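Common to both upcoming complexes is subunit A, partnered first by subunit B, then by subunit C.
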Partner chain A sequence: MNAVAKLGLKQRYSLLTRGLDWEPSYQSKSAIYPYAEFEGIKIHDWSKWEDPFRLTMDAYWKFQAEKERKLYAVLDSFAQNNGQMGLTDARYVNAVKLFLTGVSPLEYQAHRGFAHVGRHIPGVGPRVAAQMQSLDELRHVQTQIHTLSHYNKFFDGLHEFPHMHDRVWYLSVPKSFFDDARTAGPFEYFIAIGFAFEYVLTNLLFVPFMSGAAYNGDLATVTFGFSAQSDESRHMTLGIEVIKFLLEQDPDNLPIVQKWVDKWFWRGHRVLGLVAMMMDYMLPKKIMSWREAWEIYFTEAGGSLFQDLSRYGLRVPKYADVATAEADHISHQNWAVFYQYTHAAGFHTWLPSAEEMDWLSEKYPTTFDKYYRPRFEMWGEMAKEGKRFYNNALPQLCTTCQIPMAYTEPGDPTTISFRHSHYKGDTYHFCSDGCKDIFDNEPEKYSQSWLPVHQIFQGNCGGASVEEVLKWYRLNLGADNLDQAGSPDQAQWDAWMEARRRVAG
Partner chain B sequence: MAVVALEKDYADKVEIRDRVENFHGNIVVYLHWEEHLSFCSAVAFPFPPSMPFGALLAEILPTYYGAHPDFAAIDWAAVRWTVDGNDVTPDPEKSLADHGVGHKSLIRFWTPGLHGYRGSFS
Partner chain C sequence: MPRIASLTLQDTDTARPIIEAITEDNPGATVHSFPGIVKIDREGSLTVRRESVESRIGRVWDPQELHLSIVSMAGNVDEDDDYFSVAWTN
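For the complex of A and B:
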């Protein structure tokens, strides 16, 4: 018995990971790992895999249980003390709605994807690491739901988030991103989510939401963020190890991996446009602009990362320069989409106030006053005349990213960027060269895209009228959608603040 | 380029989701008013290919673009039209199909002298 207690950490670690594997005797390796070869990735020696973190299952459970205890203690006190009253403003809750409907279901998708990788990668080291990440992701979706369920008691738009994730037009953007990754082979998934998303882009998702929460009095979400932080750093080290391992194993892997990096950088960049709009328009108290975040987390951090990876022959993702140029535009263009389709969204919108517009002018000196301020001022005038601007037709969507085709030509913010391809006699439309390239590489896959607008026309979404479709989404019309001003959320918030003023005398 | 898939006949099994047959006799048509980006993107409609171009002009455009202050000022005789990149001169009597409009065609139009709210392309 004592012999077990005396095992060194290293020995224990190797027994609980590498030691769990065995050589098959009555089945072939290819029958056990049927997904291992079709992507063309060549691995010669799995034992060369360097485990990026030395964690065993027993230690894992202990760490995670400790973190959960702390998180749930904070959540309890947040609920008991009516933490929602400490928010900067009711508008903030719309960022929470976007997170719960758009991001939390991705944690679940990540769980499923890593479970698959954790089963199908032939090397035991990465398999164990992927299984742990799979459990982390399941923990993330669960703790996020528990954290945000408090808001569901008081605010609209949160009640049907998994159903909405599967159906609502703009949520098909994050959903299709992960569906795409999960239907790829295990190596592509590993590069797509482990490297491109968790390593290269994750700071542009989690930092904005978690600091946004901190700046706006959302203590519950901040605590969730802390609770996920050590998981995320493990995910990052796994992502970087995967890419280095694949590139070291065989030179033939480079072009395949490069193509995946290009693809998933672009797809990730498109999804992050939702975060851009959240940062610049939805946070009552801003952290920094999207453009500043992009400079810090992509241009600088990504720059040195790709510098480091260049020794393997890997280059900066294709169209990184286009994405950087777009950082001056996407938040404004995306918010304009949601403002005009506010009747069909599960959160509220508004026009930026005069002070917010000045902030935007300062943060976007070359673009905001010239292109976007006039748009918001025009809509402001129309609203004042009682003619609030709505777009009553359905938007053309990009076949790849599924976002309304609202992005402009690189270098020309006055003209929509239209791209198209032909495949088996049909035309497909794209918002950018990045999205067109992705389609052209795999038209078989993307000609199956479930595009929400086309699905409505095909009669698959509850009916032909907007109202029928929104009911099929399970939106509560008049409560979940439309302007923040005049919403039940806002009325309740105003009543709370009024009561607080009375008590304060 | 050959498809990368586990299933070797994958390419033959693909069901193209937006085949014209799935739209109950309609084709999908995209419409875009240039230099008026307060309409965030082109807009999509299911139209019968036999629909006269005149119906587009008389019903669709005013219904969906009429809210813009520039709309009333359009000089229709001067408007420039393209269908999938080719210049066309609309004939209100003739059908969409007669103008070369097919499934998932893009119709763009430019309205000379009108550049959006205060010339901002909005």
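For the complex of A and C:
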């Protein structure tokens, strides 16, 4: 009989993370961790760090290996069995294109960001957690590239995704979000990605949208989505732990952390506007509206979270009320932008059908019929007359979020919202008070933004005409861009469906 | 405002006995089904008990196996050999 009792989980985890560090003898701590102090965060006792997910390395490898086996069995099966033919509709693939070109590269950025933080945070507990998260994020981008590789065999717009991510006007929105986080200090990165993005906002990205993928027959996306999300609960917990730890360590940390929470909530809210549009306009079979998802995942879950954190003096992010009010508008305004600029996008657009517009009226009773239906109906009329509306002017971009200035004033959905600031003799433009505040707090950083439209005008993007710029993006004109109707994607889909009908007799 | 603790699990054969154990062990829990996922909500807290899952699947079950099925959660996590819980403490 074995008389030695097995160690409990809490003891095992504590043995993994305690005593792993050592006091340096021939280098100073500040030379080893050069980024630990400049942000002004004060930490007195790293041993107070408590990671509630007590995953030891052996358990981590075991569970991750099992997730991978399951995931790749599904991806392989999806590819082998021509899973793309079982989708609800060819339009659906455009949502996947936007996800794989816009979001998947962020997984890689998150991998690099957490690797950096896993090196530069002086506490050993969070370093171990950040290293695990770094590996998780690398796993996520790999699974998504495997999915992309299959879709790329059949559908347009995916062939040059890393090249596009660094250049295309709307992909600069998610790209700049992560560039911004990764160029911040390690504590800000932790709050930006671990807390504001992972805890407060990613549910909105991965939960209802992936459920939508399940509902639209996309086995591959559901599987990588939920496999990624299975790591996400650990990431969310890390995010909330970081914020609690910083706030418990020193009261002087509160104003710094609050500013980061305000900033990253607003940055994240702007990026997620793309997901709002995917859910309301791009899923042929819909799960819930963006508004409903916002209520569950921000108002309800975020409400409980910020109530919990109020004991440290932390308040709900600034402009959370504005973001909540925008949930009635943002998907409609974004889809309208992409419809107007469909010639310059790497995926296809369309106008919502009569049935879809009725769904939108039902889900957005106070806004859709009044502000957005008339616009879509007018564009439908114009298209029928052979005057499909394209916007051929390059849009002004918000310096902070890099989104075209198409959002409206809070409480006044018929007036475009413009804000501006002056810095070192130049004028900078913003879509909202939230974006202007972020610039005003760090003008030296944001005055250096790589804004796609400015770069085109400065002659850095292949030429002055739309065609030249799109070629520089490596978009295949006439295949990757323009309306879904008449696209090679649609023609191929129609041929598949026709073949199915013939076989069915 | 009610403080909802929540666990979202995949709607799979592996997760179903866990979902069953949670709903039975946490009176007042509400189950919302969406395509591919099940979201379980309860005011204050939710606990997954090892014994309760084991009695359903007829084998030893480590609460960390939850990592294979979990999609999302809301609440502060507490984890040990015999349980996994999420709760709003404040």
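One rule holds in what follows: the second predicted complex is superposed on the first by the 488 of 505 C-alpha atoms of A that agree within 3 Å, B and C clash if a C-alpha of one lies under 4 Å from a C-alpha of the other, contacts with A are read in each partner's own complex, and residues count from 1 in each chain.
The rule is short, and it goes like this: a contact is a pair of C-beta atoms (placed from the backbone, for glycine too) under 8 Å apart; a residue touches a chain by one contact, two chains touch by 3 or more.
Keep in mind that this is a model prediction, so the values were computed, not measured.
Peer 1: Contacts for A:R234 in the overlay, against subunit B (first) and subunit C (second): which applies, first, second, both or neither?
Peer 2: Only subunit C is touched by A:R234; subunit B is not.
Peer 1: For A:W359 in the superposed arrangement: first (subunit B), second (subunit C), both or neither?
Peer 2: The answer is neither, since A:W359 touches no partner chain.
Peer 1: By the touch definition at the top of the document, which applies to A:R54: first (subunit B), second (subunit C), both, or neither?
Peer 2: Only subunit C; A:R54 stays clear of subunit B.
Peer 1: Which partner, subunit B or subunit C, touches the larger number of subunit A residues?
Peer 2: So, of the two partners, B touches more residues of subunit A.
Peer 1: Of the partners subunit B and subunit C, which touch A:W46 in the superposed model: first, second, both, neither?
Peer 2: Neither: A:W46 stays clear of subunit B and subunit C.
Peer 1: Check whether A:F63 is in contact with subunit B, with subunit C, with both or with neither, and answer first, second, both or neither.
Peer 2: Only subunit C; A:F63 stays clear of subunit B.
Peer 1: Taking the touch rule as given, give the residues of subunit A at its contact with subunit B in the complex, in rising order.
Peer 2: 34-35, 38-40, 185, 333, 336-337, 340, 370-371, 374-375, 377-379, 382, 387, 389-397, 404-406, 408, 413-416, 418, 420, 424, 426-429, 441-442, 444-445, 447-451, 453-454, 457-459
Peer 1: Could you please specify the touching residues of subunit A with respect to subunit C in the complex?
Peer 2: It comes out as residues 8-10, 52-55, 59, 63, 66-67, 70, 203, 206-208, 210-215, 222, 226, 229-230, 232-234, 236-237, 240, 287-288, 300-301, 303-305, 307-308, 310-311.
Peer 1: Can you list the residues on subunit B that touch subunit A in the complex?
Peer 2: On the subunit B side, the touching residues are 1, 3-6, 10-11, 14-20, 22-24, 26, 28, 30-32, 34-35, 37-46, 63-64, 67, 69, 84, 102-106, 116-118, 120-122.
Peer 1: How about subunit C: which of its residues touch subunit A in the complex?
Peer 2: For subunit C paired with subunit A, touching residues are 1, 3-6, 8, 10, 34-37, 64-65, 67-81, 88-90.
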